[in-house]
């Protein structure tokens, strides 16, 4: 469904993403992990049309969408959320989600009922009349998800929707994401919460210094010495191995 | 809209329609103020509310604050005047064409500025500069007759859109005002309006959610431009004269921004409330200046009050005077 | 074709006019370029400072050049208090809010001036105002030459102060890392208010240097607002060399534009420069891309 090939993006000489390739097949949940500053969010932004890549190709359903404007990519069925939540502060949760719903629905009443249905689905049914600015961190994360979902995507790019949540909230949102996948939406997510990655992802890509250094099932990734080194520094795998031995 | 809101709106409208007759009745009953003066003040409130609404559509709802909105007003004013004076058009025909000219200028400014990615203060400043360019051009090119200005021949009659009785001018302004309110109300109920608010609140999120931010911004500036120009055309038709300063002076830009900001930017009734407050303060100081000899220079006071109100509103009351009318109604206005 | 001598005189006159724009803009480039505060009240504050110079001369007989230290100190204090008491406190750190609040201040200042001083324009009558210096075919008023040189000097001094001195470094650091500075215990609002005060102090200097050849009225500031912003944008945000070059380029453009297009249309150059720079090269001629 999504094919990213040899994508590179530099900011004033610094390569944020370097020759990265990845795939997401229809119905999958794919996780993108890596240390801070690895270039995950930049890669997301480049895929979703927020940055024009310096090199490389992004294909969605076989169609080249490289460098297209975000609204076109959204219309094609791919939508992203933001790691730093961006609620429309002065309007209600309902109105926030309706903005997403309007991507496919012109009628106000229909958009409102879709927004309400989606709010219930992500567990915000009781917060419909709250203002975006008045939400808690967990509420804002849910709102990011709900708004993106309201655009009717076939591929959802989730950027750290669990950061800053407590364990109960994480369990709740993991269930929500599973339900979204069950409805046929493919999901690519950036995540730091390994517990969530393990329980959600079919496959994992590891990004370090802009490059994809590993790919595989969550279990295989957790055991990969290259990955451990990327996270903990040079020689860490050997040291850990030494302790176990 | 709630039933209470509906009653409120209907009542307001009936009152606005009856206003000139009530004033004349009061005049006949011995009111010490000339009825025609009061009708004129009512006309001013409606007209100012309408051009404020023009600013509010793009500056309030879509958050694209302009410091040079007079460029639309002036385009409409000159369009209306030139079409009549130079080309002999009938004003009824010239009016919509003048509005379309304003839409064209709005589209052009939007296409240039938003294509270049200008927002916030930069957009505000570039509109200011564009208005300056228009003012200087109007001052220099032959078809505006430069600083001499253009005079439309007085020939009262319905066919010429000129009226001896100020009641008709008042009704015309009321019509504009109501049209402005309806446009703003529609924005709160449509996809287009919801997208504008989304762009105002967070442009990146709006883009991610499938909004063509550039296209929507250009559209709203064209709509706002059409309204501003329709207002300018009305003004010319009322006073039958326009010159570069009337048409493109920075004071009017500030006035359009002020009534909208003070009344409540991004609300339906904000510009109307702001226009009412501005006109009231203006008229009171003017009256004081003419009645009390010691206060004959007191007129600047109205703008001092208004400038201070702008500062207070920005700092403490971001939704303007409109939000003082009860939180419940304020929210209904936004929903 | 125009006579080269006229062009030469035009360029020189433009340079001198440009020197005045530099004077007005240099404070703005500090406030706008370094602190990213869009000070729409800049022109109105200049007007107030010019009235201060006028009244010092009229009531106390103080020569405008002698008044320099008094007006500079007074302007600094006024700017500091204005930022501390109003702008910084009320804007909640938002760009558009600062723009609107300084617009509100401009409206208040202009109309207070109108209320107190009426709309009449006032001039200072000093002996040297009419002194003319001949340079080639050009006749140049001495006070304008003085203000030109002072403008260049002021740019140099500010540039060095901002780049080298402890205070300058602190201001730039705080402007860049507002949150960080707050965390390490720096009184951010104090530093910003000082920077704003310095910017207004520059206006004080400008007012003293302007008054021998200019008149002041409540609307005097208006003419300078767009010019000052154009100068800053043209020169590049926060660049003092840029402000100097920008001001001079604008002065020459205006002067030659006036010669070639006539007095009325000549003014259009400034607005057009401003628009084109914003559309095509928002970092300005000397600015660094970010």
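A, B and C are the chain letters, set down in written order, and residue numbers restart from 1 in every chain.
Criterion: a residue touches a chain if its C-beta (ideal position, glycine included) is under 8 Å from a C-beta of that chain, and two chains touch if they have at least 3 such contacts.
Being a predicted model, the structure only gives us computed values, none of them experimental.
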item	value
Chains in simultaneous contact with chain A and chain B	none
Chain occupying the most central position, where position means C-alpha average	B
Distance from the mean Cα position of chain B to that of chain A, given in whole angstrom	44
Centroid distance [mean C-alpha coordinates] between chain C and chain B, Å	32
Intercentroid distance (Cα basis), chain C paired with chain A, Å	49
For the chain B and chain A complex, residues of the former touching the latter	189-191, 194-195, 197-198, 201-202, 204-213, 334-335
Contacting residues of chain C [partner chain B, same complex]	38, 86, 89-92, 95-101, 103-108, 110-112, 114-115, 118, 222, 226, 229-230, 262, 264-265, 267-268, 271-272, 274-275, 278-280, 282
Chain C contact footprint on chain B (complex, rising order)	65, 67, 112-113, 116, 118, 120-122, 124-126, 128-130, 132-133, 136-137, 139-140, 146-147, 250, 254, 257-258, 261, 297-298, 300-301, 303-304, 306-311, 314-316
Chain B-touching residues of chain A, taken from the complex the two chains share	48, 50, 69-71, 74-75, 79-82, 86-92, 95, 98-100, 102-103, 106, 108, 111, 132, 147-148, 150-151
